[in-house]
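Both complexes shown next keep chain A, but they swap its partner, so chain B is in the first and chain C is in the second.
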Partner chain A sequence: MLKESLKLLVENNKAVLKFEGEVIFDNSNQLKEEAKQMLSKNEGVNKLVIDLANVSYLDSSGVGLILSLFKFMRNKKGTLAVAAANEKIKRVFEVTKLQEIIPVYAGVEEAMEEEPV
Partner chain B sequence: MQSSRVEKNYEIACKAEEISPLLEKIFLELDNSAVSAAEIKFCLEIAAREMLANAIEHGYALAAEKNGRLKNFKIKLELQICSEKIVFKVKDPGPGFDWENCDLEIKPSFAEKGRGLKMINQVSDQMKFNSAGNKITAVFKL
Partner chain C sequence: MNLSLMLLLLFLMTALIIVLAVKIMIDKKDFRKLESQAEIKNLKLKEQHGKIKELEDDLKSKLKKARNIHQRMLPDKLAEPADYFISDYYQPAEYIGGDYYNVFKIDHGALDSFFDQYLLYFFDVSGHGIDSTLLSIFVNDSIENYFKLRHSPGEKISTSKLMNYIDQRYQNEGFPDDYLVCLFIAVLDKKKSTLNYSSGGFQYPIYKLDQEEQIKEINIGGLPISAALGALPDSREEQTLNFEKNNTLMLSTDGLLEQSNGQQQYFQQLQGILKKYKFLPAPFLKDLIRSDFYKFTNDSPGKDDITFLLVERPAGEIINCIFDQENNNAEAAEIKEFLDQNLWSEHPLLQTFKDIITDLLKNPEFKLKIKALNKQQLLMFSLENLNDKTGWDSILNYYPDLISIAEKDLNRSQNGEADISFNKKEIYFSHTASNNRMYLMLIKEDDLN
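Our next item is the complex of A and B:
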């Protein structure tokens, strides 16, 4: 298993989920389960921003993880956005057309302030 | 291009942590060959990571299921750089798969899996397989 970590910072009904390291096929399933467990303990959260500032790379399984969390939030009438991706990860989003489904912001603050469409 | 042709072979264990060091070696070869286009490196990295992920996640997994995990399975790679193109090949220890019936069109989708090959196809100029389906080649025109 590659080194990775996951933190959930909650403020009222909003939360930032911070990933670190690589989010790839080797760890994405475990990260997905851990993230869902954390979110399940914070039922009031209805706006989630995934902070990728400390993620060096995210592959197709990482895209799957984001979509899984998007569906998880949608099932509880919440929203999900992604922020602070580096140029490589933005390119992965572009190739997979993820940004046509999920809002992608330059920074976490911008994503937190934005009202859901 | 300073050198007209580079041909390198690599072999890695079927482990995720071997991918990043391998990519560093490949990028060093590109730099030494004066392949400087950031766009090519972006595309090669996306494709290479998906090719290696598939080799480990599917090829190795199937080989290990059939022959046991204790066997020392390896992934074999070839890198060719010439003045017109970069060719990157990955051969996994698995039995292969039915690549002829894969849908390679990328559409916005909520599906959580099934993007790897589509991404390789999208970022490379050509993607091809051997008949068994356990060796994939991606070609990038310079």
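Our next item is the complex of A and C:
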């Protein structure tokens, strides 16, 4: 995945982090570092939605990346949600029960509207 | 033209020549300077290249060492209950991976006869570097520690509590947030014919193959072990599976199932293979899946470790014996009787099969552990040389027509599945990765699949 394909859109205290392609072992570490750098520059963000609309596949390293961002947001008293995942990725969250910890929404707008718990 | 004008022209030309000469000298000097700078840069570049090469070699050497450590960690031999067959396959990723598996008999001391139980587990840690090997060592060490420190003989083993123990230890170690462990732990209880298990992190199912019924897909899932999630006690509940005769379990980490060939994932193809060839005993089904997988990937190594296990509880008659010089008469008679069962004595290759076994029994260097399975469709011998691991070559040299499915270039049917016809005209052989066990199989009925 190219660097420019990782985008952070900030609106007040909410942000959408958009990944593209496959999030796998080969790129997950770099993506994690870049995402954390972007988020560190936007300290006011307390709600992060990961937009997976253009992500075709997540392997266990990709899941590791999302868990790392989950902890990152939790450490700053924020929340994290996942949105627009394809059926395959939704199944990963369902089977591994991660959706009980990280909310999964059908679309980004819906995820953004939901108030942090 | 007067003389003074000519002198002036001469003077100007001389001056021009001098200026040009000086300019050439300066340029040459600059050129030498640039040349020298280029040489210095070139030398520095070479030096940098050398350093990068050194670092690369160092990294490769460390990865190789870590890979060796990981390979050595894997069990040489899995504990196999007398009436079961367990087959394993492991192929590390390009560098090194973090998959691990093991099966061992749970020690219940004096109460062993009441608790005939085996612990079976496999796990996958994220990443493929030296870190993942260290993490594998940690998880394996945690499981072993649990049985040394927390388990008392005769005590019921809860896979859920074992998961909690590993999770808690993991949280105490401070592993990075983006690392995670996907783990499956099961207790195979022979007395109860059950498999109690807890699982975390796996995206893909395990499969239960029943000769009489459809293949059952079991989503084991559960939350992975991760520092980002923190300790999650009692979140990975214990589940129970009945494990009757004629059942085979196919257990796998994600590497095999998520491998793509650009068009589809192997996960989509595997079910068809299992359905079509579920009659095969575990060692041969393992070979078939291996061959089919590499045909699917066009022989390219997977991005992730490829690990799978087949645990089979066959129907049919099974005999187990250890054959050495001290007890050869009694055991040889039992094996002979087993081979002479008249149910299928007209088989065209029975005599060759008998010759192979008889030759093995005659070899005084062999102390053989023999496990023979006789079921409706096939006969299989599992032969383990307890003295040596390298004793099979002579058999393979002497009987070159033995067929190995692992080395066979498979044909494909129209729907992409492996297409191999097991028949009465062949004797099939297989062996474990460590070569300590060899399997021979004779098919009794043609057109099994």
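As a convention for this text, the second predicted complex is superposed on the first by the 113 of 117 C-alpha atoms of A that agree within 3 Å, B and C clash if a C-alpha of one lies under 4 Å from a C-alpha of the other, contacts with A are read in each partner's own complex, and residues count from 1 in each chain.
Everything below uses one rule, namely that a residue touches a chain if its C-beta (ideal position, glycine included) is under 8 Å from a C-beta of that chain, and two chains touch if they have at least 3 such contacts.
Keep in mind it's a predicted model, so treat the numbers as computed, not measured.
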**OP:** Would you check which partner chain A:K77 touches, where first means chain B only, second means chain C only, and both and neither mean what they say?
**Re:** neither
Original post:
Can you list the residues of chain A that meet both chain B and chain C?
Top reply: 24-26, 59-61, 63-65, 67-68, 70-71, 91-92, 95-98, 100-101
**OP:** Going by the contact rule at the top, pick out the chain B residues touching chain A in the complex.
**Re:** 16-17, 19-20, 42, 45-46, 49-50, 53, 56-57, 106-113, 115-116, 118-119, 122-123
Original post:
Okay, in this complex, where on chain C does chain A touch?
Top reply: 124, 126-128, 176-180, 182, 200-203, 219, 221-224, 226-229, 235, 254, 258, 303-304
Subject >> Complex contacts: residues of chain A adjacent to chain B >> reply: 2, 22, 24-27, 57, 59-61, 63-65, 67-68, 70-71, 87-88, 91-92, 95-98, 100-101
Original post:
Can you list the residues on chain A that touch chain C in the complex?
Top reply: 24-26, 28-29, 32, 59-61, 63-65, 67-68, 70-72, 91-92, 94-98, 100-101
